[in-house]
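As written, the chains take the letters A, B, C and D, and residue 1 is the first residue of each chain.
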Amino acid sequence: MRIAVIGLGRMGSNIVRRLMRDGHEVIAFARRPEVVQAMVEEGAIAATSLEDAAAQFEGQRIFWIMLPAGEPTESTVAALAAVSAPGDIIIDGGNSFYKDDIRRSNSCILKGLHYIDVGTSGGVWGLERGFCMMIGGETAAVDRIDPIFATLAPGYGAVPCTKGRAGADSRPARGYIHAGPAGAGHFVKMIHNGIEYGLMQAYAEGFDILKGKASEKLPEEERFALNLADVAEVWRRGSVVSSWLLDLIAIALVEDHSLAKYTGEVSDSGEGRWTIDAAMEEAVPADVLSAALFARFRSRVHNTYGDKLLSAMRYGFGGHVEVPQ
Amino acid sequence: MRIAVIGLGRMGSNIVRRLMRDGHEVIAFARRPEVVQAMVEEGAIAATSLEDAAAQFEGQRIFWIMLPAGEPTESTVAALAAVSAPGDIIIDGGNSFYKDDIRRSNSCILKGLHYIDVGTSGGVWGLERGFCMMIGGETAAVDRIDPIFATLAPGYGAVPCTKGRAGADSRPARGYIHAGPAGAGHFVKMIHNGIEYGLMQAYAEGFDILKGKASEKLPEEERFALNLADVAEVWRRGSVVSSWLLDLIAIALVEDHSLAKYTGEVSDSGEGRWTIDAAMEEAVPADVLSAALFARFRSRVHNTYGDKLLSAMRYGFGGHVEVPQ
Amino acid sequence: MRIAVIGLGRMGSNIVRRLMRDGHEVIAFARRPEVVQAMVEEGAIAATSLEDAAAQFEGQRIFWIMLPAGEPTESTVAALAAVSAPGDIIIDGGNSFYKDDIRRSNSCILKGLHYIDVGTSGGVWGLERGFCMMIGGETAAVDRIDPIFATLAPGYGAVPCTKGRAGADSRPARGYIHAGPAGAGHFVKMIHNGIEYGLMQAYAEGFDILKGKASEKLPEEERFALNLADVAEVWRRGSVVSSWLLDLIAIALVEDHSLAKYTGEVSDSGEGRWTIDAAMEEAVPADVLSAALFARFRSRVHNTYGDKLLSAMRYGFGGHVEVPQ
Amino acid sequence: MRIAVIGLGRMGSNIVRRLMRDGHEVIAFARRPEVVQAMVEEGAIAATSLEDAAAQFEGQRIFWIMLPAGEPTESTVAALAAVSAPGDIIIDGGNSFYKDDIRRSNSCILKGLHYIDVGTSGGVWGLERGFCMMIGGETAAVDRIDPIFATLAPGYGAVPCTKGRAGADSRPARGYIHAGPAGAGHFVKMIHNGIEYGLMQAYAEGFDILKGKASEKLPEEERFALNLADVAEVWRRGSVVSSWLLDLIAIALVEDHSLAKYTGEVSDSGEGRWTIDAAMEEAVPADVLSAALFARFRSRVHNTYGDKLLSAMRYGFGGHVEVPQ
């Protein structure tokens, strides 16, 4: 199929490449011409503007936006809607908030356009492994561009399908789902990232305790200098905690078990916060997911005002003076 | 009554003073003679050793140990047991682990001695306000030294007794309880401190959010430069969150609302950890009390290994590079 | 001063009473005429509609809305704005979300009206103790109706002013603050409630562990049947955890220490959730405040789907079958 | 090699089978003769007592204990030590607390015996997939019985070795590690289980929020009836949260997405609690791991006393009455 990809960052350019490898025709656009040119050298068709991208379709257009959530995506959806005709499909493959999708979809429908939200997981590994996609939008539109999703997804690959799925929708086993109406794709992706934070923090705390077991503050007999790279490697085999994240931990630790090149100031994106919002809207307890998010906040601060207030109270009631650690 | 106080730190010396003010005869002992001498100048009877302290009683002895938990208290209990005679009473007024009390009490009983554990709250304010005491041990022994507890406790004072307590034990309304057998006193004090951590952290987080509301990262219209000293003061009057800890916050903030003299590296003592142990033994969820404890641990570390591992995973799956904050 | 109070529920009617006691003239309105009539019998002036309330002022009007947050307050603000004239003051004394205040204030200012948001703490005790008020809005308007706030607030009363406040704004010591521009009042009240949740949960967990210490699953020697009413009473005196909430716990426990009349299904209002939202917007960790909120969510569910999923995983990897508790 | 396996439950019998398949001679003992007989029919050598098991060795003996932690394992170690001779090896393959291992090892060493602790992961899948083993003990003894570990472990199998491990110890890549001295094996296994709890709870909360998104309390447009079996399946492919636990979730959900056969009362074993103890000893924050543990505690209680206390406080300050949910 012919499709225009708007936004050629790490994710966008890999999406272009994986589409072209499977025979799709890709129109590539980004604000910086040299970025477009790089894709053209790999086989893409250049677009010099959104209008130009729209002009290079015969019949119904398909746009895949791969831009940061918020203003860049918002304004691009609006601009594409302005150059589109009824029946055209606008896909947001980024990390938008799902309520924005609902609003944009309603607005597109009024113009006869179709809006599809795609939560895309796979990161830098997606080109080779394929992208895991969670899709929201009208069924007819989602089905129309199925060849695009089929190409981008991992396919059956090495992961055997869960027994008992015979007769079920085959798309999940090939790496993509049509989760529901507008917003459902990004909602599922959002929860995916919320879980991701929780999983990561569980490993982080566990390895922190393993590392701390060598501390000289512990009784000598209870002190263990564990080889953490070996621990990660062995857990990858036959243990309950094996996972792709653990594979990545094993890679990082074999390179440098002290992780000296990282400061440990950990960013968070919107999804982790929106997951907690969703939990609050549904009144579902989310202790682990919120603790994982807060650990990231805390990682970026040296001394919190709250901690100082604790010290001040301790001084107030007990005359306790802070002891340098 | 005549009583020997062993350990003349901030708490111990105030206990000596409050006892003497009310007419008790206090034998004072500490390892450093100048500390003993200071108490003698205030009216205490000097002891040069534990044996000497024991020798200065006629009839049944009463020892009040006010030393750090762990080895100092443990060895002093043993040494006092060695110079005591059946019927004597050994009181541990410090912060011992309640299971140590149970063990020591069993050991004392075999020798005809009585062991009483007293959890003592009041800090630097205890001399004036009186000490809130939670007492464990045999009833006869606890009753025998009631005059000591009555003196040290705040008494009815300014806090009106809860309605409906007419006819109930009057001791709680005077500031001390006989909580149960050996260990019960320190157990109740331990939970008291666990709650204290939770209360403190609730205020700390709330004031942290109030402080952060002035951040330039927020939209200008939603930015408030709040006067935190005023907030603390107003909440002391008619609000649901009024408390003695809030009084202390108001004092600290009126002095310097930036709390600049504190680094925010917050110590924790055994009680907070033992509270979590007790929760685990009883299978009672204690999310707030444990979060409060962990916040103190975290306050003393600049970069955790766990955080670095998060950064390493993020680099691994997404090529994310840490952004300086 | 003359003031109209809209909404005569528990809080609204007590506000009317406290205002009248101090000589203010109060126009009372509520949807149900019998409720208005009851206030009239206590001395208020009846209003039969918002228009009627507006008509009973000479000169600048003052409206105090005391209605549930959300639609009831929103529509009433709009309706009052429609019957007001430049210079009039509309006060929202309920529990609105502070961003709604900012929006409403902007809208009022365009019409020459003044909008004031007042976070009001005090509950059923406010009539006697006075209401603790956190106020947002334009300084001139807030100052104009200072006599109203002075009347409703607790005043200096029994709580001594924090030392060092000499020369500072006297309003906090009398129980109200002008926290900042529109929204600031409800923002401070919101954090107040967030802290309240955290404090309450800290006590709840502590008393849960105290209660559980009598469990027959524990070794006999480590089992204590504690008198929780006595524990609450003693902590009110000279201990670090004394607070008004603890006073309430003491009242509840002296009545029935088993708390049999409560099921423990605990509601939460918007403030607790908005506090977590604010923490996320500021990237401030709020582990205790969120855990307290989630405990309330959890209290209202018998079996979560998440728990069932844990059981399913345990069965999957270990063949573990659930054991009836 | 010849080895005696003591304890023939699910794990023990699979260990016997996997050892025999690879040519080892296994002496099997359990308290119930019919259980021993079942193993004999599969090729094992029967032992009628620990003494009998010991008698069936020529030269140095090897005992593998596979019993519940606590008293059963403790008494068996003692009994085996009594029938052993210098140079014999006693292995505890169960879930003992690592400090018990240190104590037992010291005691064995005094008798010339060798004690090895093995944390064994693999559950009901171990017979086919192999067991992931974390080993603690003296190097010479661990090396002596390497053929046993090599047989039980998964081997290189389908999981490719992490790049960069060329030249490193090959055992982790074959599924077992010698983690350190006595206790180190069970310590690493303990943290493994602590992480396991955290990972499981992250998934549980995420799926709980996905499930709750169909709630009729949400605005209709924001309500999604998600196919959770499909969500689990798609995340297994190319997503960051893919893991063995997710594979198990997919299996459970394809069978019955309502999970109706589970009540959600989730057990916990010692490891989760000991992990929190270890975190406290090292002063490492473990918010996620503790929240995961507490969620299990909470799953087994219908109404906590703490929740009732919250209701009582709310009634006390606001006259709030519980609303049936």
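Methods note: contacts are C-beta pairs under 8 Å (C-beta built on N, C-alpha and C of every residue); 3 or more make two chains touch, one makes a residue touch a chain.
Remember, it's a predicted structure, so these values are computed and weren't measured experimentally.
Asker: Using the touch definition from the top, list the chains contacting both chain A and chain C.
Answerer: Both chain A and chain C are touched by B, D, going by the contact rule given at the top.
Asker: What chain lies farthest away from chain D once each centre is taken as the mean of the Cα atoms?
Answerer: When every chain centre is compared against chain D, the largest gap points to C.
Asker: Mind checking chain A against chain B and telling me if their interface is mostly the same residue numbers on each side, over half, or mostly different?
Answerer: same
Asker: Rotating chain B so that its CA atoms sit on those of chain D: what angle is that, to a multiple of 5 degrees?
Answerer: 180
Asker: Starting from the mean Cα coordinates of chain B and chain D, work out the distance between those two points in Å.
Answerer: 39
Asker: Between chain C and chain D, what's the gap in Å when you average each chain's C-alpha atoms?
Answerer: Taking the average C-alpha coordinate of chain C and of chain D, the gap between them is 47 Å.
Asker: How many angstrom lie between the centres of chain A and chain D, each centre taken as the mean Cα position?
Answerer: 31
Asker: Can you tell me which residues of chain B touch two or more of the remaining chains?
Answerer: 123, 125, 201, 203, 205, 208, 212, 240, 244-245, 251, 279, 283-287, 291, 294-295, 298, 300, 304, 306, 317
Asker: Quick check: in the complex, which residue numbers of chain D touch chain B?
Answerer: 240, 268, 273, 276-277, 279-280, 283-287, 290-291, 293-295, 297-298, 300, 304, 306, 317
Asker: Okay, in this complex, where on chain D does chain C touch?
Answerer: Touch residues, chain D against chain C: 10, 123-125, 200-201, 203-205, 207-208, 211-212, 244-245, 248-249, 251-253, 259, 262-267, 287, 291, 295-296, 298-320, 322-325.
Asker: So in the complex, which bits of chain C are touching chain B?
Answerer: 99, 102, 121-123, 125-126, 129-134, 153-154, 157, 159, 161-165, 168-169, 171-177, 179-181, 183-184, 187-188, 191-199, 201-203, 205-206, 208-210, 212-213, 215, 217-218, 221-222, 224-227, 229-247, 250-251, 254-255, 275, 278-279, 281-289, 291-292, 294-295
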